[in-house]
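Have a look at this one.
Chains here go by letter, A, B, C, D, E, F, G, H, I, J, K and L, matching the order in which they are written, and residues are numbered from 1 within each.
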Amino acid sequence: MNDHVYKHIQLTGSSKSGIEDAVQNAISKASSTVKHMRWFQVVDTRGHIENGRIAHWQVTIEVGFTLED
Amino acid sequence: MNDHVYKHIQLTGSSKSGIEDAVQNAISKASSTVKHMRWFQVVDTRGHIENGRIAHWQVTIEVGFTLED
Amino acid sequence: MNDHVYKHIQLTGSSKSGIEDAVQNAISKASSTVKHMRWFQVVDTRGHIENGRIAHWQVTIEVGFTLED
Amino acid sequence: MNDHVYKHIQLTGSSKSGIEDAVQNAISKASSTVKHMRWFQVVDTRGHIENGRIAHWQVTIEVGFTLED
Amino acid sequence: MNDHVYKHIQLTGSSKSGIEDAVQNAISKASSTVKHMRWFQVVDTRGHIENGRIAHWQVTIEVGFTLED
Amino acid sequence: MNDHVYKHIQLTGSSKSGIEDAVQNAISKASSTVKHMRWFQVVDTRGHIENGRIAHWQVTIEVGFTLED
Amino acid sequence: MNDHVYKHIQLTGSSKSGIEDAVQNAISKASSTVKHMRWFQVVDTRGHIENGRIAHWQVTIEVGFTLED
Amino acid sequence: MNDHVYKHIQLTGSSKSGIEDAVQNAISKASSTVKHMRWFQVVDTRGHIENGRIAHWQVTIEVGFTLED
Amino acid sequence: MNDHVYKHIQLTGSSKSGIEDAVQNAISKASSTVKHMRWFQVVDTRGHIENGRIAHWQVTIEVGFTLED
Amino acid sequence: MNDHVYKHIQLTGSSKSGIEDAVQNAISKASSTVKHMRWFQVVDTRGHIENGRIAHWQVTIEVGFTLED
Amino acid sequence: MNDHVYKHIQLTGSSKSGIEDAVQNAISKASSTVKHMRWFQVVDTRGHIENGRIAHWQVTIEVGFTLED
Amino acid sequence: MNDHVYKHIQLTGSSKSGIEDAVQNAISKASSTVKHMRWFQVVDTRGHIENGRIAHWQVTIEVGFTLED
């Protein structure tokens, strides 16, 4: 966090098990095309319900990555 | 999410184990009287502290359910 | 929550395992100097990424404690 | 708006044609069970996209109705 | 505030005398049909003006009540 | 949007037909006394309901106009 | 609240006795030059402290008045 | 909305006729380079005024599209 | 409000009679240990309900005090 | 800040050199017609870009002035 | 700002000298890959402290650029 | 930003010259009693006006410092 320039993107990941896993899934999917991701911030936490049970979680994050030379 | 009309309600559930369980407890309790719940959004995450330990979590969610004919 | 006066403080705790653990770590650290903590509210959930994996979570909470006589 | 007590509910209506129609659809559906609705406020405007075209609009409103004696 | 599940509703009460009275009026009116109300939070404070004088106050509150077995 | 100084005002216009018309009505009414209006931003969209139908829309806008020499 | 166009202004009034009185003071002062004020909304409530006592309250309101022909 | 990962982008479209058309214009323009757009949310509604008339609308939307394998 | 440096703290006070008294109670309690308090801002107004009556008010304020040499 | 009544207005000033200068330009322009301005608050900081350089800053402020007798 | 479609991106730039320079650094870095940038809005202003001195500023901006044919 | 626990405080500093200097003044004043300050975030930017000129700037920051063992 010194003299870098960061670009931010927003991603939504999902998971049947919980919030932490949904965030990791979003980051894993994006990491194949986005390099140098450094931090994230959770901006929305939602989910779908089926028959009175949480079917899956959907967590939206903002991710910062450095613009390298 | 096509031509349905949704009504939203707010619920607060609690749990000793964590956030995901508190959300499920709120949905389970409400499901005895509210049918057709489809999604939720977390709007507040709180908890109580006893002797320097988290005693229980309290999570407030907004829930959408369809108004059926 | 009757006739007490509460003071609020903000803390950020971190954890490699998840949100709940990061909150507990913040409370545990503060409890050595702050007594009578009663409740908390999550106000920000962030984290650091290393090589496409969540390296650790950072959760900021507001904590209320009673001003005792 | 004198000495009434209002209760607020949140509804989401949808329409293929636009925002105004989605709001009217939500109110029409609710009016079969909720009486004395007096005002609404738009709180969220969303929609679904199919093949680069808006498939339908989804508008969330807060509605106030009077609690009659 | 232990293992209860709370449901939240929003109400607007009015009064010629002031904010506290408008809140009490909303709660009194709702208490004939809603049981187990436990807390409220003020979310909006408005009023009407007639001839340069406050004619009445309108205060909107969110109320939490427990879903009992 | 170069070296002008703008002053902002807030207006609420109404219309039976829809949002765009309510905005135009507010601007038309104000234009008789306010010159050099350049832009607007919608800040609130409300309406009144009569017998389960939208009676009219009320849209609040912020308007910017230049302070001319 | 039918086909009027409203203009909004913001005022801050003060009082030694409390919130309601501070609002009335702001409206009374403005009523000498602003006609047709119809409603207000409280947007900020502050005050000054002297020697551990509230010296006076300062309440900021948004006021709507009709633009008459 | 099951196990997809969504990326969000923000777009501003404009139109002389109204809000719905401005949203469609933004989506149409982006669809030549962005595939798999699924939903949008309106985040800002503005416009320009010329001679007391709305010259055009400018609507900013957040769009979600799936990251396909 | 010239060249001072202010520190802010948050406090919650309670009262059976109303909002103004709850604020004064928070300030009175804190004034035994915090000197040079100058202003406050109300940030949250809540209360508890017992048997359909307001049992007590809980008002959270932010307080600014000068850091003296 | 004792028993005055303040009116608030919003202004946007611009400058090629920076934020502080843009604020001063807005105040200077308004001071020819608005007397007794006492404080301001920055509410928005924007700017225009030309060829990869900041062409000018645009800063929106809220200004409070006293209504004198 | 007529019939263009804008895309928005978020960037964080840093500088040892101040806010304006941090914004310019973010824009300069991005301009090597992003063409037609037209405006920016400051959305967050932060910094790092070392030994009681501001070590560098970190300013996050939203930037709009036109999608050209 | 690894396994530390941070405590946050809010400070307001002032300066006749500008925003950056007001922030540094707040940090310098606090550094005599608060150790290990690491970062800040600007949360409010205000100022006082005298005779149509900015008399001084008042900038409120949130500061994070580590709780050391």
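Here are a few things to note about the model shown:
To be clear about the criterion, a contact is a pair of C-beta atoms (placed from the backbone, for glycine too) under 8 Å apart; a residue touches a chain by one contact, two chains touch by 3 or more.
This structure is a prediction, so every number in the text was calculated from the model and none was measured.
Number of steps on the shortest path from chain B to chain J, with steps defined by chain touch: 3. Chain centres here are Cα means. That of chain B falls 22 Å from that of chain C.
Centre-to-centre separation between chain D and chain G, using Cα means, comes to 31 Å.
One finds 38 Å separating the Cα centroids of chain C and chain D. The residues of chain G that reach two or more other chains are 19, 48, listed in rising order. Every pair of chains in contact is given here: A-B, A-C, A-H, A-K, B-C, B-D, B-E, C-I, C-L, D-E, D-F, D-H, E-G, E-I, F-G, F-H, F-J, G-I, G-J, H-K, I-L, J-K, J-L, K-L.
Per the touch definition, chain I reaches chain E in the complex via residues 18-19, 44-49, 52-54, 57.
On chain E, the positions that touch chain D within their shared complex are 9-14, 25-26, 29-30, 48, 56, 58, 60. Residue ranges of chain F in contact with chain J, taken from their complex: 1-8, 62, 64, 67.
By the touch criterion stated above, chain A contacts chain C in their complex at residues 19-20, 23-24, 27-28, 31, 37-42, 63.
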